[in-house]
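Note sheet for the following structure.
Naming follows writing order (A, B and C), and every chain is counted from residue 1.
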């Protein structure tokens, strides 16, 4: 879990993913010699801060978003949300402005719910703050801010080790309105004819989804994937005997929104471990669900 | 109205339109010999569950969505909406899971408005339920669930009988966030240069739109079409003396949303009969408005 | 400011921008001989009511929207909003229907907030009404309806006088859901390889943005632009010593929404003068901020 811990500590809120992109490009360069197949790496320039890895003759693409939620400093001591972070007085935030490194705390006004920071000096307008990473590992769990979606990124990187045919995509802006998957999906469809997608992201523990009972295959969230594609995935998961749970939600979204609404005919399915304490500094995931997540991705990329 | 009745009875909620697609492909194959022109039929593969029919040298495309509203079974006896169905305790629903055919009823919690079903057994998670079809015809009206949009589909199929030049499109996901028109519109524009659209769908009876007073030409809903295109349509409707009404709404949407927001310069206009009891099992339309709807589409496809 | 006054008086609500398009095409034809470079003018047909001007070898595109907010006449004396106009009883509106020119006033129901008009006759269904223009200029300010975004258009036109390399785009529908930038952005990217954008539009005076303190560079609104692009712009503005202010908002949007969500990898930044009395007939802007806006666009189009 050292890789996961390293990923969780990198400052990469939506719109400013560059540090994590750099880390991944370095990691890929270092590690790919030990991978079964060496991918074509597409990055920089027209890919902005995204990365596309192309392995063999791809039929399916895995999307994992790099960016995290956070806060932007507005005027005075006000904070504005990046994405939808939970906020509670005392949450520790980190960042950096021209005056140096910052370690401050969130203050939520009890009456107005307005957000501000508590710090010994004023922070420069527009500075991004992210949760301070307190990575905790037990025999059965990992806990940290930003498991959503550094765990989805970790899953994609681990998948690369044995992947023979497929596309792995690291996207930006997912937590805050999207903005990269539309062009990534267009590029992949036009250059490789791929239009099957798996969304490597983290979902919620709910009354129907329980920690430790396996990776979640989502039948729907705020959007509804094509039934026949999801049914095919369920059949493969059952045949391979990978522990999994089925999710049915009426809200929530992912990189799949841009696939669904884009001008290419993508089929997609959200598949990811469930976490509790969503969008807080204390996101927690059961290790068995991480294991079944990777196992399911491995089999699906072979058989879909 | 036998065709309309058959269409209303087919289970095809957003994301699982395949049964209706299959029905239409069979119908088109059977009937097209009697049509004035035999179209090119584009379906399957990259068109997912959509169908495009290309007649002659097209200048205008008609969009009719296949999918309907409904419900997804969540956890326990909970239901989640597909699109925006009206829900009232006692509404009859049908569906199918691995244990067989289902006929249950909706229960709306009076306090929380939460939706659930009443049935003698538990229904499998993720099962889709749609309104049971009770098709009723009088001398002056038709009444059923899913006139929105099986009547729009019916109108498009009847239009095919005499169509010489034009594109007819059967789309998916319209009731639940869209997801097919973006790529259909791109395909049609790039392959045929067509960028004029008519939306063959059903609208609302309101204080300004009355049953029996003719097909509705919508001047706007939540979106505003290009004025000059809609004015051209009004002039043709008036010159042809087809009974029609003008609608002005601040809300509501259609497949036109994806045309408006897509990366091709489509002009579009929503033209359809008005219905009462919208999104219930008892949608009702005046036959005179069906007649003028078809008549207006026939003249517009010749003259636009 | 005669050009600005002329622009503010033209009726061009979202969806019916044609009169302003015509005015601009005429203006461009008349004036371009005095411009440093004569641009390629793309308009009509597949560009609907938009205009693209291409100067030299472009690296950056400026987007200015033509359309304004307003009202549509619904049924009886009801009004429906076009975009998000402020409404107060007594605001003067103008328009035209088949019976002739109209000058009426807004009525806001105190209890229901419902909008209607007060006029001596009924106005035809679907008629668009816009604010009556009362253009007021002092030594230090301009005041009128529709400074948003006729001032953005004015800035773009003045920029054309000295522009050597760049694209200037006049877009439609910005105030009401968008609908043209997606295809304009695709066209520009595919034909010229340009993917840097500046949004020439007007923003708000707030507790952090003050009239007279310079053009606003927006670090974010409801969307977040790529940090590295915005940082580059800030560096150029500082090096050139152009007075400017930094904005951080959690809401609001612009033509940038379509760039962010489209299928090309655009970088974008909103740069515009701030106004007070937003979306009323009395929008007011400080002349110093107009001056620094044009100055900043001139330097950015050279150096970006």
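In the analysis below, contacts are C-beta pairs under 8 Å (C-beta built on N, C-alpha and C of every residue); 3 or more make two chains touch, one makes a residue touch a chain.
Each chain and its UniProt protein: A, B, C = M20/M25/M40 family metallo-hydrolase.
Since the structure is predicted, the reported quantities are computational estimates derived from the model, not experimental observations.
> Looking at where chain A touches chain C, is over half of the residue numbers used by both copies, so same, or under half, so different?
Comparing the two copies, chain A and chain C contact each other through largely different residue numbers, since under half are shared.
> Between chain A and chain B, how many degrees of rotation does a Cα superposition need? Round to steps of 5.
120
> Just how far, in Å, is the C-alpha centre of chain C from the one of chain A?
Using C-alpha averages as centres, the distance is 36 Å.
> Quick check: what residues of chain C touch more than one other chain, meaning two or more?
In chain C, residues 262-263 touch at least two other chains, as defined above.
> Provide the residue numbers of chain C that touch chain A in the complex, in ascending order.
195, 206-208, 219-220, 222-228, 246, 248-250, 260-265, 267
> Could you pull out which chain B residues touch chain A in their complex?
Residues 14-16, 18, 46-49, 72-76, 80-82, 125-126, 128, 173, 176-180, 182-183, 185-186, 258, 262-263.
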